[in-house]
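Since the structure comes first, as C-alpha cells, the remarks are kept for the end.
Lettered A, B, C, D, E, F and G in written order, each chain numbered from 1.
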Amino acid sequence: METVTLLQWAFDVVLGFSLLWIAWLALTSLDLFRAIVLFIAFGLLMALAWVRLDAPDVALAEAAIGAGLTGALLLAALARLESNNATKPTPEKDHQPEAHD
Amino acid sequence: MSHVFLYALVGVGLFTLGLYALIVHPHLLRKILAINVMGSGVFLMLVALGRRTPGTLPDPVPHAMAITGIVVAISATALALALMLRVQVETGRAELPEEPLE
Amino acid sequence: MPALIFDIHWQAIVILLPLAGAIACFLWPQRGVQLGLISALGIVACVAALGWQVLELGAQRYAVGGWGAPLGIDLYADGLSLLMLIVTAVVGLGISVYSSGYFNQDRARHFWPLWMFLWAALNALFLSADIFNLYVSLELMGLAAVALVALTKGADALTGAMRYLLVSLLGSLFFLLGVALLYHSFGSVDIALLAERMEPSPAVWAAMGLMSAGLLLKTALFPLHFWLPPAHASAPAPVSALMSALVVKASFYILLRLWLEIFPLTNAALAQFLGLLGAAAVLWGGLQALRQTRLKLLIAYSTVAQIGYLFLAFPLASIIGWKGALYILLSHAAAKAAMFMAAGNILHFGGHDRIADLDRVVQRLPLSITAFALAGVSIMGLPPSGGFIGKWLLLEAAIRSAQWWWGIILILGGLLSAAWVFKVIGYAFTPAEVPHEARVVPATMEWAALAMALVAILLGLFTSWPLALMDIGLPFAGEGDG
Amino acid sequence: MQILYFALALFLLLNLVAGMWRVLRGPTAADRMLAAQLFGTTSVAVLLVLAQAMNRGALRDVALVFALLAAVTAVAFVRRAWPDREAKHDTE
Amino acid sequence: MQQSQPLKKTINPKPMTEGVKKQLLFRLLLVALLSLLATGLGYAVLSLPSSAPGLSELVAENLETSGVSNPVTAVLLNFRAYDTLLELGVLLLALLGVWSFGAVPERRESFPGPVLDTLSRLLVPLLILVAGYLLWVGAHAPGGAFQAGSVLGAAGVLLLLAGWRPGARFVGLPLRITLVAGLGVFVIVSAVLILVGGRLLEYPPSFAATLILLIEAAATLSIGITLAALFIGGRPEAGPNN
Amino acid sequence: MTPSDLLSAVLLIAGAAFFLAGTLGLLRFPDVYTRLHALTKADNVGLGLVVAGLAMQAESLAGAGKLLLIWLLVLLAGASVAHLVAAAARQRGIKLWRR
Amino acid sequence: MTVHTVVGRQGLEFTPREYLRSGCLRAVLFALMWWTLTDGVMDSWLVGTPVILFATLASVVLLPPFSWSLLGLVRFVPFFLWRSLYGGVDVARRALQPRLPISPGLLDYRWRLPPGLPQVFMANIVSLLPGTLSVELGANCLQVHVLDERKDFLSELEKVEQRVAAIFGISLPLSRGGE
C-alpha cells in the first residue's frame, strides 16, 4: 500500500508542476500559435487534475469544453487574426470617432 | 498535508501567473489566454479545497460551481475573441491602445 | 385583492419577466421595440407590486426551489434591494422610451435583447442573497454591458469595450476566488448564514481582500477607474446612461452587502483609506471632467467623481452616512441618465459632441438643455434636488462624527461640478464659428431626458419615502450610532 | 496490480511531459500540433488506467470524450490555423 | 492594470534606455507584489481547517427527492438550478454579443478532401449518440447537459470545418428557436410552476426526474447549437447558395 | 496473481513500451512525416495493448466493448488526422527529409 | 441543408429500399453501441431510442448507403490487427535504434478501388500499417510516404487493396496498381 501512495504522490507532483510549467510557457511564448497549442495541452492536463481530485463531472466538462472546443475557437480566431493582418498591411490608425446614427 | 492542498497551491500559482501575464502582455489573445488560466486556477482551488476531509464523499457543490464557471469562461472567451477580431479590424492591431483616452 | 397580490411570487417574476422579454426580443427582432417597451412596462408594474408587498409585509426571503439556504439559493428583498430595483425600474423605463427613438432598425435588433438581459441581470443581482449566484449575475451583467458598449462601431468604442470586458472578467475572477475561500471556510454561500458564522481567519481576510478588490475594480473607484471613461463615453447614449446610472452601482451594491453584512467593517484604518480614495476620486474626477473637450467624456469623468462620494460614507460609518451615500446613488442615477440622454440628443442633432462647438443648442434643443441643467443642479448638489439631500446627509454625518474634513471634500466636489456644468451651459448659448448641419431629434428622446432630470429634482422634494424605504429590513442595523 | 496501474499512469504522464519538448521545439506548426495530438492519445490511456486503478467507470466516459474530441482540434488546425504560417516558421 | 499604462507608454519614445529601465523596474515591482499575493493566498489556503464544512451531507440527505441520483446534476438542476438558468443566459448572451459585432465575413472554404469529409460523416452520428448517452447518464453518474451539449457542439464544429453551412431556411427563426430552447424551456417551466402555485423552480418530487430530463434535453440542444454558432464567429447570413 | 492478471500486466507493460517508443520517435525523427509515422502507429498499438490489458479485467462484456469502442475511435481519428496533417504539409511545400 | 456528395457511388441513385435497409442496419449498430455505453441498463432505452433514431437519421443523411460484405470484414480484422501490431513494432524498432535506420521517400500507387468510401478506408488503413502513411488521395493515385524506400511496398499495398475491396464487395480489375 505504501508504494501506491508514493506513486500517487509522484503522479500528483509531476502533474502539478507540469500544469504550472505549461501555463507559464503558454503565457510567455512569443509565438501565438505555440501559446495556443500549449494552452490546449494545459486543458488536457487540467482534465487529469480533475480526475485526481475525484471530480469526474468537471473532468468531463473540461475534456469537452476545455480541451476540445476552446482549442478550436482559439485556433479559428488566430487564423482570422492572421488573415486580417495579411490582407490589411496598413492599419488605419486615426479613426474618426464616429457619430452615431 | 494531503495532495488536495498541493492542487490548491497549484491553483494559487496559476491564478498569479495568469494575473502577471494579463498585466504584462499587450496582445489581446494573450490576455484572453491569461484570463482563462486564471479561471482554471480559481476552479482548481474551488474543487481541491472541497476535497480536504479525507475519507468522505467529494462535495458536489463546488463541482457544480466549477462546471458553471467553465461554461461562463468559454462564453466569455468566445465573446472576447470576437471582440478582439473587431478591434483588430478597426485599429489594425489586436492590442489595446497605450493610453485610454483622457 | 391585496391579499391576492401578496401571494404572488413577485421576486421570481421580476427576474423571469425581463428574461422572457429578452427571449421574445431575440426571436422576433422586427417587433423588438414593441416587445421591449411592453416588457419594460410589465417589469415596472411588477417591481411596484413587489414594493407594495415589501412595504406591507416587511423584508421578504424567498427560497428558490423550496430548498432554502445553505443547500439552495435564496432571494432576499429588503429596503436596500427594493430601492435599487426601483431605481433600475425608473431609469430603465426612461431608457427604454429613449431608446425606442434612438436606434435604427439594424441596431435595435441587437439592443433590445441585450438590454433586457442586462435588466434581468440587474434585478437578479439586487435580489440575490447568495454570493455564488451574485457571481453568475455579475457575469451576466458584465457580458451584456460589454456587448451593449460595443454596439457603437468604431475604434474607440471597441477598444473601450475590450478593456471593459477584460476588467470585468478580472473583477469577477477575484470575486469568485473570494467566494471559494468563504465557501470552504464556512460551508455556505448564503449571505445571512455567512454573516452568522463569520469568524476572522487568514482565509476570511484573503477572501475579503479579493472580493473587495474585484468589486472596487468593477465600481471604478479611483485609481481603478481607468477603464470607465472610454467605455462610458464611446457607447451609444442610452447605453452610456445605463452604464453610469445602473451598472457601476450594481457592484457598489454588492460591496455594501459584503461590508455591512458579511464582514462588518470594524477596522477604522481601512474605512479611512476607502474614504481617502473616495475623496481623491471626487477631486480627480472633477478636475478631469473640467479638462475634457467632448461632452460625453466629461459626463463620464463626472461619474468617476460621483462614485467617490459613495465611498465617503465608509469612514463616517453611521446610518445617516449610509443613507446619504444611497441618496447620492439614487439621484446620480437619475441625473446621470438625464445628462447622457441630453448629450445623446445633442450628438444626434449636430453629429458631434465637441463642447466648444455646441453652437446655441439651447435654442434648438431647449428641452435637452433644460434636462442637462436640471441634472446639473442635482450633480452639483444645489437645493432642491436629490443630490443636495444626499450631500446634506453626508455633511451631517461628518459633523456628528467630528470628521469635518470630509465636508470640505463635499464642497470642493460641488464647486468642481458647478464649474463644468456652467462651462457646458455657457457654450450652449454661444454661437460657434462654423455652422453645422442639424438633424431632427425625436420628441420622445427629449422628453425622456427631461423626465429623468425631473426625477432627480423630485428626489429632493419628496425625501421621506425613499428614506423610510431604506429602513426596511434594517440593512444598516448595528452600524455606528444613529 | 494497484501498484502497476499507478506506475503505468505515472510513466505515461512522464511520457506526455517529455512530448512537450516537441511542442516547444517545433519547428513547424504541424509538429507542435502533432505533439498535442499525442497528448490526446496518451491522456486517453492514462484515463483508462486510472479508471481501473481508482475503480471509477466514469473516467472511461471522460476518455471516450477525449477520443472523440481530440480530432476536432487537429482538424481545426489543418483547416483554419495553418494557412500562411509556414513561410515564417519553417526552418528544418 | 492602472500601473501598466506608464509602462506601455515608455515603449515607443526614443530614449530607450530610460524606458527599458522603467519597464524593468515596473516588472520587478509587479513580480514582488504578485509573489506577495501568492504567498498570502497560499498561507490563507493552508490555514484552512483540515476538515471541510461542505454541503455534501445535506446534498446526500436531499438526493432522494431531487429526481436524480448524481449529486452534481442534482445541484446543477435542482438545488441550485437558478444558477444554471442564469448561466444558460450567459451563454446565449455571449452569442448575442458576437452576433451584434456583425455578420461573419464570407470565407472561401476549400474542399475538405475526402478523408476529412468521411471523418465528419462518420463521427457526427457517433457524437450525437455520445451526447445522448452523456445526457442520460448525467442522471446517476458523471455527465449531464453541459457535457452533452459541448459534445454536440463539437459535432457542429466538425461539420463546419468540413465545409458544411447551415441552409438558408434554417438560419432565420428556426435557428433562433433552437438557440433559446434551453433557456426558454427553463423559463417556461419556472413560469408554469409558479402559475400552479409552486415556487420558482420547485419541482414536485414525482415530476422532478421528468422535468430535469426535459430541461436538460432542451439545454443540450441549445448549448450544442450555441457553441457551434460561436465557432462561426459572427451572425450567419442566409446566403443565396447555401 | 492469477494467470489472467499476469497476462493483462504483460499487455499493459507492452503498451507502455509502445508509448515510450512513440514519444521517442516524436522526439528523434527528423521531419513531420516521419514523426507522423511514429505517432500513429506506436501510439495506436500502445493504446490497443493497454485496452486489451484492461479489457481482461473488465467486469462485463459491455465494459470491454466500451474500451474497444474508444480504441476504434482513436484509430479512426488518429489515421485521419495523420493523413490530414501530412496532406496539408505536402500542399504547403514542406520538404521530405532524405538521408 | 446541402451535403457534398463525395462519398458513396456518385451518380447512382439509391432506392428507398436501400435506404431503409442500411438505415435499419445502422440503427442496430447504434443500438449495440448504446448498449455498450450504458452497460446494458434497461431504463436507458427511454432516452436511447430517440437518440438512436437521431443518430441513424444523421448517419443516413450524411453517408449514403454502400454495399459491404460481412465475410470480407471478418477476414480483414485479424489481418489488420496483425499488420498494425507489426507496424508498431517496426516503427518502435526504428525509433529505439541509436542510428535511426530510416530512409523515407514518396511512392505513387495507382488505384484500382473506385473513388469514395473504399478509397478513404484504404487511405486510413495504409496510415496505420507498417512503414506507410497516405499523403494524398489523387484521382488516379494514392501518394504514400514510406519510412524505408528500399522495401517493396507495392505488393503489400496490393494485398491491402485486395482485402479492402473484399470488405466492400468489389472485384478489382487485374491490372497492376503500381508504376
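Everything that follows uses one rule, which is that a residue touches a chain if its C-beta (ideal position, glycine included) is under 8 Å from a C-beta of that chain, and two chains touch if they have at least 3 such contacts.
Please read these numbers as outputs of a predicted model, since none were measured by experiment.
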Of E-F and B-C, pair with higher C-beta contact tally: B-C
Farthest chain relative to chain F (centres taken as mean CA coordinates): C
Chain occupying the middle, per Cα centroid: E
Distance between the centres, which are taken as Cα means, of chain E and chain D, whole angstrom: 23
Chain centre separation (chain D, chain F; CA means) in Å: 11
Gap in Å, rounded to a whole number, between the CA centres of chain G and chain E: 35
Residues of chain C engaged with two or more neighbouring chains: 132, 136, 139, 143, 146-147, 150, 153-156, 170, 177, 181, 183-184, 226-227
Contacts with two or more other chains, residues of chain B listed in rising order: 9, 13, 15, 19-20, 45, 49-52, 58, 60-65, 67-68, 70-72, 74-76, 78-79, 81-86, 90-91, 100
Residues of chain F engaged with two or more neighbouring chains: 22, 30-31, 36, 44, 46, 63, 66, 69, 73, 76-78, 80, 83-84, 87, 97
List of chain D residues in touch with chain A within their complex: 2-3, 6-7, 9-10, 13-14, 16-17, 20, 23-24, 26, 29, 32-33, 35-36, 39-40, 43, 46-47, 50, 54, 56, 58-59, 61-62, 65-66, 69-70, 72-73, 76-77, 80-81, 83-85, 89
Interfacial residue positions of chain B with respect to chain C in the complex: 15, 19, 22, 28, 31, 35, 38-39, 42, 45-46, 49-50, 52, 61-62, 65, 68-69, 72, 75-76, 79-80, 83-84, 86-87, 90-91, 96-97, 100-102
Residue ranges of chain G touching chain E (in the complex, touch as defined): 1-4, 6-7, 26, 30, 33-34, 37-38, 44, 47-48, 50-52, 54-56, 58-59, 62-63, 115-117, 119-120, 123-124, 137
Complex interface listing, chain F residues touching chain G: 17-18, 21-22, 24-25, 28-31, 33-34, 36-38, 40-42, 44-46, 48, 60, 62-63, 65-66, 69, 75-76, 78-80, 82-83, 86-87, 90, 96-99
Complex contacts: residues of chain D adjacent to chain F: 1, 4, 8, 11-12, 15, 18-19, 21-22, 28, 30-31, 33-35, 37-38, 41-42, 44-45, 48-49, 52, 57, 60, 63-64, 67-68, 70-71, 74-75, 78, 82-83, 86, 90, 92
